[in-house]
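Below: a set of structures, written as structure tokens.
Here come two complexes built around subunit A, the first alongside subunit B, the second alongside subunit C.
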Partner chain A sequence: MSAQPPATPGRLDLSGRQYAHVDYDEKERLFEEVKGDLRFDEYLYGCYECGICVASCPSARFYDFSPRKIAQTMAREDVDLFYVFLNDSVWDCSQCFSCDVCPRKNSPGGVITVMREVAVKNGLASAAEALEGYGRVVYKIMSTGTQVSPDMLSANAFPDWGPHVEEIAKNLDVWRRALPPETMHTTETSWQVDDKTIIELYLIWHMTGVMDMIKEVDEGLFMILQDVMEEKLEDAGYDVSFD
Partner chain B sequence: MIPHSALFNKAKDRNYVADPAQAPTEDYHDIVDELEKEGEWIVHRVPDPAIEVKNKYNRTKKIPVEKTWHHKSCGQCGHIPGYSTAVFWINRQLGLDHHDPSDQTSCTAWNYYASATSNAAAQAAVAMRNFAAAHETGYYPIIHCATSFGHYKETRQQLIHNPELRRQVKKILEKLGKKLIMPEEIVHYSEWVHAMRDRIAERQVVDMSGLRATIHPACHYHKLIGEDAIYAPEVYGAQRSAIITSLLQTLGIDVRDYSTWYDCCGFGFRHILVSRDFSRSFAVQRKIEVMKEEADPDILISHDTGCVTTLDQSQFAGRAHDRNVGLPVMSDSQLAALAMGAHPYKVLQLHWHSTDNKPFLEKLGIDHRRAWAEFEAVTDEIRSGKREYLTWEDCDV
Partner chain C sequence: MSERPVLVIGGGPAGMEAAKGIAEIGYKAVLVEKRNVLGGTPELANYAALTPDFRDAGEAMAEMAAAVDGDPNVEVVLGSTVTASAGSAGDFKVTVKNSREARELDVGAVVIATGFQHFDPGRETQQYGYYEYDDVLTLVDLEKMLKAGKVVRPSNGEPPKRLCFIQCVGSRDRQIGNEYCSKVCCGVAAKQSIEVRKLVSDCKVFIFYIDMRMYGYWEPEIYWPSQEEYKVNYVKGIATDIRQKNGRLLVRGEDTTMGRPMEVPMDMVVLSVGMEPSAGTREMAKVFGAKQNKYNFIETIDGALNTVSTTVPGVFACGAAVGPADIEDSISSAAAAAMKACAVVRKASMAAG
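Here is the complex of A and B:
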């Protein structure tokens, strides 16, 4: 049986009907994975259900989204509702940590970080969907060590930022050379990063299993990254495989 | 029952001073030192001379003056390059020894908060690799991005409380030929600007006394591990973080309050890249319009990659929808450099910004047409091959 569409578009369906077809054991397994994360105990101490976090939350103003409901659900260990939030809510969070104002010393935003990671690690369709269009950013940061590079500024990517974006794109090479810091004459990375530094970064990705997470949500991106990284590592004398 | 006298006390009679002994959180300094004694890591000490400031719970934080290793920000260097250029330029003008490394990666936290395609061990290893790289040079890390700053504070917290994570990261760093190094303080560049504000003001050549400004403090600066942010009694009675406001007031600017000061900018990490309707709406409706209606500022000053980006770039779409926008945005480092006479295009690189800042420059008596012609003379020479780059010497005053 496939997932049902939400009852009202734009409204979060908390009935759990849409995930009735998912085994409770599977939901519980994911719930335990979130709870078992080393950060979890510092992110959630219970919940007064006071809503102070909601008052400070930017996402709650624009989406049907509530850090209180998420904290409350985790504290009450409501596994079915957890699964709804895991799929239909966590990607609305802005990760601003305004909710750290919580009088119970919770970090609902931190709980959400961990929930997102579990969604990615387990290849949930909702996570893959949330990350659609985001692949080039992941590629950039993982392969070059800097995230939003100058060459990402194009009118196509940022049509709503104004005509100066096109002006920047047109003059990119010259305007980068018209920057006084020597490290910033680059266009493909935000500053010049040493080869040795990049190799160390790839080794970190390798030793911490980050590439396995990418594989779960975007197989194509995984393969491109694998090619780039393995080749560079081999050139540097490392026999490392990401498979 | 609340005594009447308490209700009618004037604000000036209430002088709240936080007592470190009553702080609701442990002092990270003590634990960082303790773990060094136990051989868990080496603490990278803040070099002398250091300036002592106070954090949220009135504990002392040390800010290095020089010998600084500049942990750059990908969003600043990539899209608002005058931001970092201004930090370096101020250091250079004040004759301070500093280092701009190429053995530095981004903290990768923008991606961590946006896509969750990472984990605690990877994030801690990236942080500790950068800290070890700084230690090897003998220069002390100073963090340009508020998200890097917040994330590194979070990472420190996790490393302090999880021996297993420490062991894992130590092993990874050993494989990279590096030691586990924890800085004595995690320092944001705005804290350095705050600590150096009197020296900056001594070199002020542009009169800013007629200016009205609003500020936006970065969430990841003062909300994420919020105790480790600078507070000062002379700024909002130490009830709000002092950075930016303290600099502006020292430069003679009228800093005006507005009711959504605490609100985030709408950046959202993933939203600014793939879901910008949220970022635009929030930035315009909850920040820019409120500031304009309540404070009528000439300029908005912020101090983070995401905040400057969102608050500036979102206004173009707001204008198309006839919203009350048109407030130029820049960083505290850019404003400080401008006060010291920095070139608006060679140093501040204002052509990378979206919202029109020319009326603001005119108000300060700066001839932006001449300045742009000077900048274009340089780019023409680069284009024709007469010169390869703009250099620091070209930017000295």
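Here is the complex of A and C:
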């Protein structure tokens, strides 16, 4: 995230110019929450600081991002540096797990997964900011069970796809019907999702705490999803309250 | 004629193992030790536990000593030194002196097992203030504390909250002249870091290193456990100096893998001092005319394929007399030296008919 414009007040910045004061105890609490995760001990053993994870990391080629530094910061129990990474670097990871090549069998990507979850669960402003651009995608996945749908295609949304996108978008329905599988004759979703599936998905989002996480980072999105889900769930005979 | 004995010089792990080996083959050994006790440096320097298996050092040395002490094929000569030698392979006449008398011995072969001494961090340079600050110690000093079962700051008797090791003190250093790696200090520091963490559970322990040399099984035996179970921090970067500030030691260096300078307070600093040839090793090289290398260890010939033969036929050297060695290495080379020494004695005996 180093390529971003100067930090706004209250936002953490790796360059050290702008720090919102956070008590050490609070940083330590978050650190312990990461370390206390069931998966943590299998994601981090000890770090040789050899750099094989950085060498294999696609994000490291584009960002000032080092899975090695995250692994060694956790291994060394450097609480202050952990907090800096928790607010910034963890969002530069593409979660591809190329770093799993580690000779110590560490998974820096896995450590980052846990750190992201802790950042989100604790409603860190940096997490909300990092996820801001994904609201539309999250809404689509969580409400329909499919990701990028045909009707999201518009020239201004994806300029890099070229001018023909506009042409296709005009007669989207026709283009979709030209596809052989009937399940893909859809425009609002990537493919047909039956009600049983969607109800199960809603229940999963609900029961695994995903809705709570959404509530922490994006209250507005939470409320929209809540409306969509509650109606369908009630129709299906489920009494689910999201409070 | 009957076979002449093999003279083994030095009553440490290598000398004891060589003497025991010679006796087991069925030949005679005379084991000469300068001090009045067997056990060598592990005994002299109060080693608590051996690297890497944490075996009680005193118990291990006592076991080795008992094996040679009770063997009719081994004559143990304590409080004595070898002062002169004449003759050649198969027929050496050596002089062994103690405080009262000199003895002439006819021996067929010689095994020099006179070992090393720990590098004195105050000798060449005061870089780390070993003689200046009470809380700057060496591995040897800490080992003594570990043997006593109590790790405290010498300055105030309090247990340390932060302790660091600085590796390669007196080793791999062109400034000092010791360009070689002392082989054992990485393992010893890792072993001691675990022991410190066991004794002082709230003490943060750091190891500042250039490379960690944890060959073979030391990796899973001490390196990984120290880092993974005992949370010892390994930081690649050597301290440049130590200062005293507000009753603590301030260690300055670079955290190289994090790419930042480092200035960290410590309660205790342990210098991982390396090995140098002992006075005995240097003297025996002179007495027998065995060539020494540029670091004054005894030189072996034929490189990797012969680790114990010196430039003098019939004179062998083993253990840390030929260069830095841990106990496992010393035991192995002692056995090789014993075998070759017995071969010389047997050959001479057969030639004499």
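We adopt the following convention: the second predicted complex is superposed on the first by the 223 of 243 C-alpha atoms of A that agree within 3 Å, B and C clash if a C-alpha of one lies under 4 Å from a C-alpha of the other, contacts with A are read in each partner's own complex, and residues count from 1 in each chain.
Assume contacts are C-beta pairs under 8 Å (C-beta built on N, C-alpha and C of every residue); 3 or more make two chains touch, one makes a residue touch a chain.
Since this is a predicted model, take the numbers as computed values, not measurements.
With both complexes brought onto subunit A, simultaneous placement of subunit B and subunit C is permitted, the two fitting side by side without a clash.
By the touch criterion defined above, A:128 lies against neither subunit B nor subunit C after alignment on the C-alpha atoms of chain A. In the overlay built on the shared chain, the residue A:68 is in contact with subunit C alone; subunit B does not reach it. Applying the stated contact rule after C-alpha superposition, one finds that A:116 touches subunit B and leaves subunit C untouched.
Legend: residue contacts after superposition of the two complexes on their common chain; A:191 is shown touching subunit B, with no touch to subunit C.
Once both structures are fitted onto chain A, a short way to say it is that subunit B and subunit C open up an angle of 90° at subunit A, using Cα centres and rounding to the nearest 10. In the superposition on chain A, A:77 makes contact with subunit C only, not with subunit B.
Set against each other, subunit B and subunit C differ in how many residues of subunit A they touch, and the higher count belongs to B. In the superposition on chain A, contact is made by A:46 with subunit C only, not with subunit B. For the pair subunit B and subunit C, the model built by superposing on chain A gives 9 Å as the shortest CA-CA distance. Subunit A residues in contact with subunit B (one complex) as well as with subunit C (other complex) do not exist. Listing the residues of subunit A that touch subunit B in their complex gives 37-39, 42, 56, 58-59, 61-63, 91, 94-98, 100-101, 105, 113, 116-117, 119-120, 127, 130-134, 137-138, 141-142, 145-150, 152-153, 158, 160-162, 164, 167-168, 171, 174-185, 190-194, 196-198, 200-201, 203-205, 207-210, 213-214, 217.
On subunit A, the positions that touch subunit C within their shared complex are 45-47, 49, 68-69, 72, 75-77, 81, 104.
Only residues 24, 72-79, 81, 84-85, 88-89, 100-106, 108, 110-122, 125-126, 129, 133, 150, 157-158, 161-162, 164-165, 172, 175-176, 219-220, 223-224, 226, 262-264, 266-271, 273-274, 276, 278, 280-282, 286, 313, 316-317, 346-347, 349, 351-354, 375, 378-379, 382-383, 388-392, 394-395 of subunit B touch subunit A when the two sit together in their complex.
The touching residues of subunit C, when paired with subunit A in their complex, are 224, 227-228, 231, 233-236, 257-258.
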